[in-house]
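Notes to accompany the following structure.
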Amino acid sequence: MLRDERIPAEQLRRIDEDVRGNWSTGAAVDFEEAVEFHESLPASKRFADVLENADRPLLQPRAGVARLEEQISLLEHLQNEGQADLLPTTIDSYTRDNQYEKAQTGLEEARETGKAALNGFPAVNHGVERCRELVEALDAPIEVRHGTPDARLLAAITFAGGFQSFEGGPISYNIPYCKENSLADTIEHWQFVDRLAGAYTERGITINREPFGPLTGTLVPPSIAIAVMLVEGKLAATQGVRSLTLGYGQVGNLVQDVAALRALKKLGNEYLPDAVEVTTVFHEWMGGFPPDEARANGVIGLGGTTAAIAQPDKVITKSPQEFQGVPTKEANAAGLRTTRQMLDMVREQAITLEGVDEEQELIERTAMELVDTVEAHGDGDVALGVVDAFASGALDVPFAPSDAAMGAVLPARDDDGRVRIFEFAELDVSDDIKEIHGNFLDERARTEGRKRSFKMVADDVDAISDGRLIGRPNPGEGRQGGEDAGAPKGGESRAD
Amino acid sequence: MLRDERIPAEQLRRIDEDVRGNWSTGAAVDFEEAVEFHESLPASKRFADVLENADRPLLQPRAGVARLEEQISLLEHLQNEGQADLLPTTIDSYTRDNQYEKAQTGLEEARETGKAALNGFPAVNHGVERCRELVEALDAPIEVRHGTPDARLLAAITFAGGFQSFEGGPISYNIPYCKENSLADTIEHWQFVDRLAGAYTERGITINREPFGPLTGTLVPPSIAIAVMLVEGKLAATQGVRSLTLGYGQVGNLVQDVAALRALKKLGNEYLPDAVEVTTVFHEWMGGFPPDEARANGVIGLGGTTAAIAQPDKVITKSPQEFQGVPTKEANAAGLRTTRQMLDMVREQAITLEGVDEEQELIERTAMELVDTVEAHGDGDVALGVVDAFASGALDVPFAPSDAAMGAVLPARDDDGRVRIFEFAELDVSDDIKEIHGNFLDERARTEGRKRSFKMVADDVDAISDGRLIGRPNPGEGRQGGEDAGAPKGGESRAD
Amino acid sequence: MAATVTLGVIGSDAHVVGITILEQALSAAGFEVHNLGVQTSQEEFAESAATHDADAVLVSSLYGHAEQDCRGFHETLQEAGVDTVTYIGGNLAVGQSDFEETRRTFRDMGFDRVFDSETSPEEAIRALEMDCAHSERDTERVTA
Amino acid sequence: MAATVTLGVIGSDAHVVGITILEQALSAAGFEVHNLGVQTSQEEFAESAATHDADAVLVSSLYGHAEQDCRGFHETLQEAGVDTVTYIGGNLAVGQSDFEETRRTFRDMGFDRVFDSETSPEEAIRALEMDCAHSERDTERVTA
């Protein structure tokens, strides 16, 4: 039965053998030999050490292609021309759905034709040895980024393959990514992943784990994102994870983003066991981008400014080609350098924004109420509580496609552009918090001379891709049109 | 003899006739007929009205090419694809040196070969009618931007040609632009320009005048820039100018830039006659740009952020191709759109930075001491005072090429990246202000473990083009190299 | 009587934002909405529309594979005895092809209305009010 | 004895930042500096160097027309009786041409050292200390 308890050794072995049987490359995984391989890596490739000891925010892009040689040259470009501090390897969609045969077909097609038959690196199909070739070919540490609800085999192979950081978690890679996976199943699957990370950690090979903070990537209220991070962090810590990077996706309001990143770090340190080293990662805007590279650079610039003021441990950068999907490697490197320039110009300025403390207090209080409701729903057990709280809507994520969540909560921006909760549905927060949000939204409604309505939500979703932050009813005070006119909107974005 | 007094009508007429004789196109200038032409223009082309009644910062690029048709299509691009609110016409270098024959040769060569034989629009050679064709062809108001110490004929022709805004001034277009022009001469020449603007203004055609705030464009301490703006504004107001846009060039520190723009507006309103409508213009970073468009976009983004927080009346934008000189029209429009996106995302956020008030107080106090010294040097007459204060170094501009200024004052950044005065030379400010600056620079020296020295100045001049704000002795904490390595530095930039 | 609408994102598409907003807008406008969410199969659309006696079926697709996902859609509806107004909207083709061509394609497949991704919920509601009022009047006349 | 240096930006070039920083650095390092500023003619360089009995003449150029501005420079110095060490530095050619080629061009024109725009004041000072110490020693030997 599902519990937030450490998987016993015997059960771990049994699942491990089981999981490794799912694809031929699983057979090559040997834990002891893998520990030796990790021990052979230089200090500069120890992900947790590099991240936890940095004296400034480190930059990391997203990137993944099918073939090994291509992936090496892509990452070399981002390392050398983009000056990335940390590298990614993004996994293809078939692997995310555990469809290794389709991934194999795609990989073979890519090898034969040289075409992009997969949208990422099929690490399971490549297997342990080829993963190690990748790790060895680059200078910087590399993280596995994916979106896989059941990532057990992917973890077994990539951990053995030398990767020391792994994104995702049972909530954050279920609720925003799929429709029918049950939370109980994904929690069990991620307990295995986290236990495996814990097993390496106990042998001195710290595997960094990174819950996916942006969730659905669309106006997620900071308190909800943070509550999910804390709960996922707790589940991982139980399994022995000792290096946790909690994530947060930019909402675009400077004060709220700075407050949220501080709340995330503070609550992470308070809520998670002392043995866990907590770091934070800031994702540049994950919502829809303007269909124009020049305007996209403005959005990226705001991400860089925010990072410089909030000083998270890591920043995941966007590229000016975000609107059109996967960027060229040049655009990807450009996004890194634009962010770097902004970061390095602003981070020494010691900027203090008024109002951060109040906003942080509100976020912390709301997030902890949501964590409390999870614990209450599970009678003190977080694993059970997560399933139940999501089922009842006591914990909810806006725009969640998953049947495991109500997906009934709705966000809207207030008059300053901070993300508030417009529709709480069954979200279990106290009345005074609901009143605060309501008042903020009423203030905006007055400014705009309209009633609070879902129309605000719809307008806000498109606002940044339309060139502003708040979806005002009459944005056209100024000159409009030009190059953007008639181009499709970028209102919706896919998480990772 | 030089005095800050209004030019008498008779003298104005005499100079006007004289000046118009300097080139054949001068004969076509007819004041009464020009007033009628201005009256025929729609409200949307009344520069002062558009600027003074805007409810958000307006954006304006720089742009000028030799031929009329080319200039029209360039400005159409910036208006339609760049969504510029206000348009520029930048004048060529020969015209700036009053070398109309050389400008004529260049214009004819451009017409014959289609090549860029001039670096701007030779408005004097084009004459009144062709200027009007330009003004009529565009929807937005157009300003004349140049850098001409003796701009009398240029003003006579472009005012008659329908332009309603004119950049420059006797200090700001002398000290940073040339070596041997005497300040007494340029003041007399600009008294004519301002008096002409005043004459139109008295007939209901407000000519907006814009002293050039960035001066040498290289780490100019805000107090010095503001003092020059106030003094130039005073000289213009005496001649009847009623719409003054005082300028300021970004130094890159958010708090200092916001404080400076506020100080500029406040002192402008306090110091200048009530009859003058004071607006402000913020120039995006005028120093050296990184030799990399991606990094340049970071610099432009910081300009946009600053503008969104400080809310000047106007912003002069830069392009990502700044490093390589004159940008393509596409890059110029891109700089506008990147700035617009940032501005529109941030300007509704009501951001308050801590420390702005203290910094503003220091800037205001220093600027007013400098204005006071000018008045004292002229025994109450600002015109005489300017000449004398610059000659003695009591008022000075760093990196001034002009023999009329000492050019002995030197700036350096403090530990937060704010521009302080490292070498006061003869600058006439009180000891307690000198001590404040000294203490800030000592703080930086301690952080860097080196003595305060001109080396800081040299390092700071290159810092932004090298990818950071402060010229620290060991910038290489992080990864360096990459695409920038080996490329020439962009440390020095030309004003306008 | 409030018109009943069946709503969903077809195929393997997981874009949920647009349909969530549409659901809210339709409910606020007084429609009875059955939102099947993302990754909905043709059969699920048909079953829901039949069960709830829908007046309209709204199909959303944003990942560019709509043509493939909708092949045989109207046959599937017919087999379930569903003969309602059908709309489709979103990013219906990969790349920046001419939308009029895309519209023709989907009209030929049997959709009554085809919307691009720029369409506001209000436009969809206006169309529904027109089409459903009409079909209700027809129904009334027949049963009269 | 402190070495004496004549400094200036040649031609119509108005870039003043680099030369200002160089002047400060040279003064701080103990040189006697005569900074002619921007837009300095060949004759002004020669006259200043002759008047102050300069040990070195440093020419700066950043606007890309150095080759043109320096034609006959060493002849002008000679005519004024100046035979010092000469350096030139800056952006010496328009465009991103090979600097070694640029260096050869200016060495052929008679400059003793040629620096690119990346050169720090310290490098110039080290070179001056070497070259002027040498020439001072020569001078001492001659006058001894």
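First chain written, first letter: the chains are A, B, C and D, and each begins at residue 1.
Assume contacts are C-beta pairs under 8 Å (C-beta built on N, C-alpha and C of every residue); 3 or more make two chains touch, one makes a residue touch a chain.
For reference, the UniProt names are A, B = Glutamate mutase epsilon subunit; C, D = Methylaspartate mutase subunit S.
Since we're looking at a predicted model, the values are computed, not measured.
A.B. asks: Using the touch definition from the top, list the chains contacting both chain A and chain B.
C.D. replies: Intersection of chain A and chain B contact lists gives nothing.
A.B. asks: From chain A, count the fewest steps through touching chains until chain D is reached.
C.D. replies: Minimum step count, chain A to chain D: 2.
A.B. asks: If you average the Cα atoms per chain, which one ends up farthest from chain B?
C.D. replies: Between chain B and every other chain, the largest centroid distance is to C.
A.B. asks: Could you work out how far the Cα centre of chain B sits from that of chain D, in whole Å?
C.D. replies: So the centroids are 32 Å from each other.
A.B. asks: Need the CA-centroid distance for the pair chain C / chain D, whole Å please.
C.D. replies: 78
A.B. asks: Taking each chain's centre as its mean C-alpha position, how far apart are chain B and chain C in Å?
C.D. replies: Once rounded, the distance between the two centres reads 57 Å.
A.B. asks: Of all residues in chain A, which are in touch with two or more distinct other chains?
C.D. replies: Expected reply: no residues.
A.B. asks: If you look at chain D, which of its residues touch at least two other chains?
C.D. replies: As it turns out, chain D has no residue touching two or more other chains.
A.B. asks: By the document's touch definition, which label belongs to this structure's chain graph: line, ring, star, complete, or other?
C.D. replies: Basically the chains just string along in a line.
A.B. asks: Using the touch rule from the top of the page, what pairs of chains touch, sorted by label?
C.D. replies: A-B, A-C, B-D
A.B. asks: Residues of chain C touching chain A in their complex?
C.D. replies: 14-18, 20-21, 24-25, 28, 37-39, 62, 91, 96, 116-118, 120-121
A.B. asks: Which residues of chain B touch chain D once you look at their complex with the stated criterion?
C.D. replies: Residue positions touching the partner: 177-180, 216, 218, 398-401, 403, 407, 410, 423, 453-455, 457-458, 461, 488-489, 491-492, 494.
A.B. asks: Can you name the residues of chain B that touch chain A in the complex?
C.D. replies: Going through chain B, the ones touching chain A are 55-56, 80-83, 85, 252-255, 290, 292-302, 304-305, 320, 333-342, 344-346, 348-355, 415-417, 464, 467-470, 477-483.
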